[in-house]
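First chain A sits with chain B, and in the next complex the same chain sits with chain C.
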Partner chain A sequence: MNAAAASLAIAWPSTDALWIMATGAVIAAACAVLGAFLVLRQMSMMGDAISHSVLPGLAAAFLVTQSYSIGPLLLGAVIAGLLTALLTQTLHRFARVPADASMGVVFTSLFALGVVLITQVKGVHFDKQCVFEGALELAPLYTVQWGSLQLPRALAVGLIVLGVNTVALVLLWKEFKLSAFDPALATTMGFPAGVMHYLLMTLVAVTAVASFEAVGSILVVAMLITPAATAHLLVDRLGPMVLLSAAIGAASSVLGYALAVHFDTNVAGMMAVAAGGLYGVAVLFSPRYGLLSTMLHNARLALRVIRDDLLGMLYRLEELGAERRLASRDARTAIGGGLLAWWGLASLQRNELVSRAGETLELTPAGRDAARQLVRAHRLWENYLVQFLGLPLDHVHEPAHRVEHYLDSGLQQSLRQKLDDANVDPHGREIPE
Partner chain B sequence: MAPALEIHDMTVAYHRRPVLWDIDLQVPECKLVGIIGPNGAGKTTLIKAALGLAPLASGKVEIYGKPYVQQRHLVGYVPQRESVDWDFPVSVHDVVLMGTYGRLGWIRRPGRAERETAERCLDQVGMLPFAKRQIRQLSGGQQQRVFLARALAEQAQIYFLDEPFAGVDAATESAIVELLQTLRSDGRTVFVVHHDLETVREYFDYVILLNMRLVACGPVETTFTPESLQKTYGGRLTILDAAAEAMRQGDPGP
Partner chain C sequence: MIALSLSMKVTLGAALLGGVAGVVGAFAVLRGRSLVGDMLSHAALPGVVLAFMLTGSRQLAALSVGALATGLAAIGLMTLVVRWTRTKEDAAIGVMLSSFFGLGVVLLSRATRSTTGGNSAGLNSFLFGEPGNMLNSDLLLLAGVGTAALLIVTLLFKEFKLVAFDADFAASQGWPATRLDLAMMALVAVVTIIGLPMVGVVLMAAMIIVPAATARMWTHRLHTLLLLAAAIGVFAGVVGSRYGRGVPAGPAIVLAAAAMFAASLLLAPQQGLLARFMHTVRLQRRVAQDHLLRSLYELAEPQPQETPAIDFESLQADRRWRPARLRRLLEKNQQQGLVTLSGGVVTMTPVGLRAAAEATRRHRLWELYMMRVAGAAADHVDRSADDVEHLLPAAVVLELEAELEADPKLAFAAPRVPPSPHEIRAGEGDR
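This part shows the complex of A and B:
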C-alpha cells in the first residue's frame, strides 16, 4: 500500500501526467453528455456502432485526400457514422431485419472494412494498436500552440468537441429533451424526431473521431455509455443527469490513470475499467435502484411481516381466553424460527409492544392496539373475499394473511363501508374496533 | 367556416398495406368526438394520420381548411400512456412544460409565462401537489392526468387523445370527462379514441365509427345506432383484408 502511495505520489506532480488526465477527462466528458441521450433513448448500441464505423470513414477520407489533415478526416468519419445510422434504420425498416441484428451487421461490416483498409491498402498508415486502444500516453508528445499555451493536440481537439456538444445541447436543450422523451409529440410540434436523431448521431460521430485518437475506437463506447448509465442510476432529472455523466466520465479518467500507473498498464483501458467500477458501485449503492437498498427494503418488509405475525398470534391467543401463555421459544418456532424471528421478537420487546415475564410473552397495551389493527385488517379482508370474490370459507385465511400487512386505516375504512359495517368475520369471529 | 377536421379520400398504408381505406369525413368544431371501433380498426392510425405521423397513401387531411403543417399550433395531442418511458428523468412539472414547447419554436426556452401556464394546467387536473415528483412515482391515473395537463398547456383548438381512459381509476375517468366537456363548451373540438361502448352516449356528442373503413360519422343520437354498431363490430371485411395483404406483397394477381 505504501508502495502504491509512493508511486502515485511520484506520478502526480508530472506535467505529462496532468496533461494525460486532463485529456482523458475532457474527452470522457464530451462523450458522456451525449451518452446520456443515447442511454435514455435506449440506443446505447448505436454509440458502439458509430464509434466503430468511424474507422473506415477515416481510412476512406485518407485514401481520397492522401493527407492526415483534420478537416477531411472529420468529414469522412461523420459521413461513415451517419451512414451507419441510416443503413441500420433502412435495413430495419425496409428489409425487415430486427433492429439489433441490422445494427450488428452494419457496424461490424463497416469496421471490418476499415481494418482491411488500414492494413492492406498501400499508403494508409494508421497505427493498429492506436486504433484499438488509443494512445493516451502519447498525448503530451503532440502539442499545438493555443495563444501562449502549449496544449496536447488531443486535449485541444477534445476541448473543441466538448464545446461543440455543450453549445448544441444548451441551444437545443428542450428539443433534445422532448424528442428523447416523446418523439411523436416532438414531431407533431414541428421538431421532427428524425432530424433530432440524425443531429445527435452527427454529434456522436464527431465526438467519436475526437476520442478515437485518445482512447481508441473500441473504448469510445465505454466513455459514451458507462458514465451516463451510472448517472441514470443516481439522479432523476435530466439536467443533473447530463452534468453528473460528465463528472463521472472525468472522474473515471483520473481514477483510471492513477490505476494504470499503479498497475503499469494501458491508460485508456484502465479508464474504461474505472468507469465500469464506478457503475458497479452505483448498482450496489444507488439510493433508489441499488441492490443494497433493495435488499434493505426487502429485509425491512420481511421484519415487519414477522412482527405482525407475532402480534397477531399473541392477540388471537388472548382472544381465545387461553390460560396458557406463549413461551418466547415456541413463538419464534411458530413463525418460522431463525435469525429473523429472533430479531423480530427482540424489536417488538424493544418497542415495548410485547413484554416478557420469565419465559412467557404478553402483549402490552400499545402492542394490543397494534395487534387489533392487524386482526381487523385480516378479518375485513376475509369478509371482502367472501362477499365480493365469492371465495369459499376455507380459502380466505391464507390470502388475508398475505394482504393484512398492507391495509392502512384509510383502506380499512373503505372496506368497512363496502361491507356495510360488518362486525364479524366469515368464521363468526368478532372484528375488533 | 371550414370544419374543424376534414378528411378527404384518405388511405393510410404501412409497407403498401392499407390499414385505413378511403376515409372521407367532416367534423364541425365544438364537438366532443368518440372514435369507436374494434381492435385493429385503425383508430390510433386515424389520429396519427390527422397529426401527420402516419404516411398517407392518398387523400388529404385538413384542420380548419388548411394542411396540418400550417395549423400545428391549433392541435394538441395526448399519445397512449405506454408510448413513453416513465423512468425518464423528468419531473411532473417538466412534462407539462413540454406542452408549451410547440409555441416557443426552435431554440427559445420556456420562461416564467410558460412555467405559470404549466402550473395552471397542473392545477386544472388536480396534480399541482405532485409537480416536483419524478413521473415514475405516479399511478396510472395520475400519469394520464399529467399527459392531459401537458395537452392543455399546448393551448390548442383541437385535441386528439389516444385511449385516455386505458388503465385509469374511475375517479380519474370522470375528472377527465368533465374537463373534456369544459373544453368543448369553450369552443374546442376534442377527439377521443374510446373502447367502452356503455359510456359513449354519456360522454360524447359526436362519433366516428371505424373498422378499417369509415362505417359512420355524425351526431351520437343519429349515428350511434344498433345497425351501425353491428356494421362496425360485425366481423372484419375479409375481402378488404385479403386485398390489403395482396397489396403488401405487391402481387397484381393472375
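This part shows the complex of A and C:
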C-alpha cells in the first residue's frame, strides 16, 4: 500500500504534492499551537498519552453505533482522551501514584483495551500500521467540495481544527497564558486553572482525533511536542512561541515531504524526522539557549577569569617589591596551564596589558590599571566578608577570588561606602585606589 | 532442547518477561522515569530495522543489539538536552520518542521496499508484538537476559536502592550516582527491547510501568516491592497468555496487569482508595464526636453540676447540627454510657462529663498556646484550635499543660478545664 501510494505521489502532477504538503503543514500547525502550552506546562507526554487513547474511543464508538459516521467517532475519541487526562490526574492526586507512572498506566491500559476492542469488531478492516503511520500519501484521493474549490478531505478537516484551536486560543488567550505559567496564581485570581486544563485537553483530543486518520499517531505526537520544544529554545515570549511553533510545524511538514520523496519512503515518518532534525539544529545553534552559544559563553567567561588571574598575579608580585619577574611559562603553569592559559596570556599581550621583556612578563601602565581594579575588588570583598558576614580570615580569599571578576566600579564604590572608606584589607594589605 | 508446545512457550516467555520487567520497572517508577520505557520501546525501532538492513537476518539477538544501540542513543541524547538546554525532561522524552520512531518508520518503509515485502514481516512484530512467532532460541535469549538482569540487580541491590530513593545523597556519599543511574536505565532498556517482539512497542511500556506501579501501592520496602512487582508481572503474563480467549496475547497480558492495578487501587492497605475513604470517614466521626462533647460541656459550663442536663434544641442550635445526625451521634454516645437521652433532654453521665471536659481542655489549651506563643488574637484562635484539637496526642497535651502551667487563665477546675479565653457564642462554631 505504501509503495503504491508513494509512487503515485511521485508520478502524479505536482498539485498533488502541494496538496499533501499543505495537508501536513495545516495539521502540523494545528497540533503545534497546542503543543506550545503542553511543553510549557511540562505535560508534553500528555499529548502522547491522549493520541494513544484515541484508539479505544474510536473502537468503542464504532461498536456502539456500528457506523463510520464522523460524529460518534469523534465524540468517542474525545471522551477517551478526556478520560485519560482525568484518570491520570485522579490517580496522581488521590492515590499518590507518581505523575508519570499514572500517565503510563492509564494510556497503555486504554491502548490495550482499544486493541482488544478492535479485534472484537468482526469484518472491519483495521490496518494496525495505519494507526502509527497514517496515510498522508493518499490525502489527495479523497476530496470534498468547498465552494468552487475541491480540497482533500484531510486538509479540510485540518483547516477546521486549526480554526477551532486558533479561535479558542485567541478568545481565551490571557486565561491560557496565566494558567500555562502559574496555575495556582490563575486559580487565586479567579480563572479556574482546572477548567483551562481540561479545555486544553479537549482541544488536544479533538486535534489528535482529527489528525489521526490523515497522518497517524506518530506524526500527531511529533507535531504536538517537537515544534513547540524547538520554539521554546528560540524565543522567550508566549505569543511568538505559539506562532513560531506553528511555523516550525509547517516547515517540518514541507521539509519532511521533500525528503520522503527524495528517499522514496514514508511521508509521515519523514515529517517526524524532519521536525526532530529542526529541533536538533535549534539545540546546537539557538542564539541564546543552544549548546554552541552556551559553550562559547562558558569559554569566554573562562578566558576572562584566566586573564584576570594573570593580571592579579603580576600585580601582586609588583606590590611585594620583589626583583624577580615571572617567566611566561611559569605564569601559565601557575594558573593551571593548558591551551586556555596560553590563549589568555596571548590575548593580554595583544591588548597591550602585559608586555614581554625577553623571557619575563611586565605589566604595561594600562595593564597595571586593570589589575589594580581587580585587586581592589578582591580586597574590598574580603573586607566585606569579614565585617558583615563575620568569616574568619583564612576563609575569605577563596570567595573573593571567585567574585572579584564580577564587581564593577559602581559596586566597588558602594562597597567602599559601606565599609567606611577602609583602605586596608583584612590581611593588612593596602586596597589600591 | 526440550520440545515445548507453542502455547507453553508463549506462557513461559510471558511469565519470564513479566517478572523481569516488573523488577527493572520498579527502579524506573521509583526514579520517576516511567515514560522512559515508552521512549525506549519507540526508539528501538530504527535500530531493529538498521540491524536488519545491515545483517539481512531476522535473528532476535542481532536485531536486539541494534535496538539497544538506538535505544541507548535516545537516552543519551535525552539526558544531554535536559542537562544542557532549556528543554525539560517531558518534552525531551517526547521529542526523542517521536523523532526516533519516525526514523524507524522511514527505514522500515525503505527496507520493505528494497526486499519486496514479505521478508520484513518479522520486523513488524517489533511494532505490534507477535508472540506466536516465538522460537526456542528467543525463549533462551529471554531467559538468559532475564537471569543476567536479576543477577545485576541482586549484586548492586544496595547501590540501586540508595540511588533510587535519594540520588543526591548517594552522590554526596561518594557513590558514582550517575553511572549507577545509567546502569539502571540500561537494564530497563535491555529488558524493554527483549520484550518488544512479544508485546509490541506501546504495550512493552505498560509491562515496565504497570506491575511496578501496582506493587508500589502495597509496600514501602524495596525488596518487597521488587518481589511483588515480579510476582505481579509473572501472574499477568501467565493469565494474559493462557486465558486470553481469542484476545491477542500482548493486550491480554497488559489488561491482566491493569486489572490488578485497578484492584490494588481500591484495596491497597494504606494508599488504596477504600482505605483512604475509610480513614476520612473515621476522622470525620472523631471530629463530630469531639464537637459534640465540647458543645455539651460549654452549654453545661454556666451552671456546674454532677450530671448536667441540656435540652436537645439548644444543643442542636449550638453547632447548627443536622437533627438526624445529632440524634444518631447521641444514641451512639448513649450506648457508650456517656449520655442518657430522655424526651428532649440530654443528660451527661459523670463519665460523659469527664470525656467532655477532656475534649474541651484540649481545645482551650491549644487556644491558649496559639495566643501565647503564636501571638494570635483571642477571636482568631477558636477556628485554628478546631483544626488541631482532634489530632493532639496525649503527650503534646501534657507538654502544653506543663508549658502553660503559669498562665493565670489556667485556674484548673475539678476536671481541670481552663476557662475559655474568648466569649462563647452559640451557633458560631462550624458543624
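Here, the second predicted complex is superposed on the first by the 396 of 433 C-alpha atoms of A that agree within 3 Å, B and C clash if a C-alpha of one lies under 4 Å from a C-alpha of the other, contacts with A are read in each partner's own complex, and residues count from 1 in each chain.
As a convention for this text, a residue touches a chain if its C-beta (ideal position, glycine included) is under 8 Å from a C-beta of that chain, and two chains touch if they have at least 3 such contacts.
It should be emphasised that the depicted structure is a prediction, and the values quoted were computed from it without experimental measurement.
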Given the alignment on chain A, is it a clash or a fit between chain B and chain C? clash
After the superposition on A, what does A:V115 contact: first (chain B), second (chain C), both or neither? second
Pick one for A:Y198: touches chain B only (first), chain C only (second), both, or neither. neither
Contacts of A:H232 with chain B and chain C, given as first, second, both or neither: both
With both complexes superposed on chain A, which partner does A:Y279 reach: first (chain B), second (chain C), both or neither? second
Looking only at contacts as defined up top, I'd like to know whether chain B or chain C touches more of chain A. C
Answer with first, second, both or neither: which of chain B and chain C does A:F181 touch in the superposed model? first
Which holds for A:M45: it touches chain B only (first), chain C only (second), both, or neither? second
Looking at A:Y142 after the superposition, I want to know if it touches chain B, chain C, both of them or none. Which is it: first, second, both, neither? neither
Could you look at A:W343 and tell me whether it touches chain B, chain C, both or neither (first, second, both, neither)? neither
Which of the stretches 61-69, 97-105, 187-195 or 241-249 of chain B runs into chain C once the two complexes are superposed on chain A? 241-249
After superposition on chain A, the chain A residues reached by both chain B and chain C are 42, 232
Can you list the residues on chain A that touch chain B in the complex? 40, 42, 171-175, 177-178, 180-182, 184-191, 232, 235-238, 240-241
Residue ranges of chain A touching chain C (in the complex, touch as defined): 2-3, 6, 39, 42-45, 47-48, 52, 91, 94-98, 100-105, 108-109, 111-113, 115-116, 119, 128-129, 132-133, 218-219, 221-222, 224-226, 228-229, 232-233, 260, 263-266, 268-273, 275-277, 279, 283, 286, 289-291, 294
Tell me, which parts of chain B touch chain A in their complex? 48, 51-53, 69, 72, 75, 77, 79, 83-85, 88-91, 94-95, 98, 101-102, 104-107, 109-110, 134, 136
Could you list, by residue number, the parts of chain C that touch chain A in their complex? 29, 32-35, 37-38, 81, 84-110, 112-113, 124, 127-128, 202-203, 205-206, 208-210, 212-213, 216-217, 246-248, 250-252, 254-255, 257-258, 261, 265, 271-273, 276
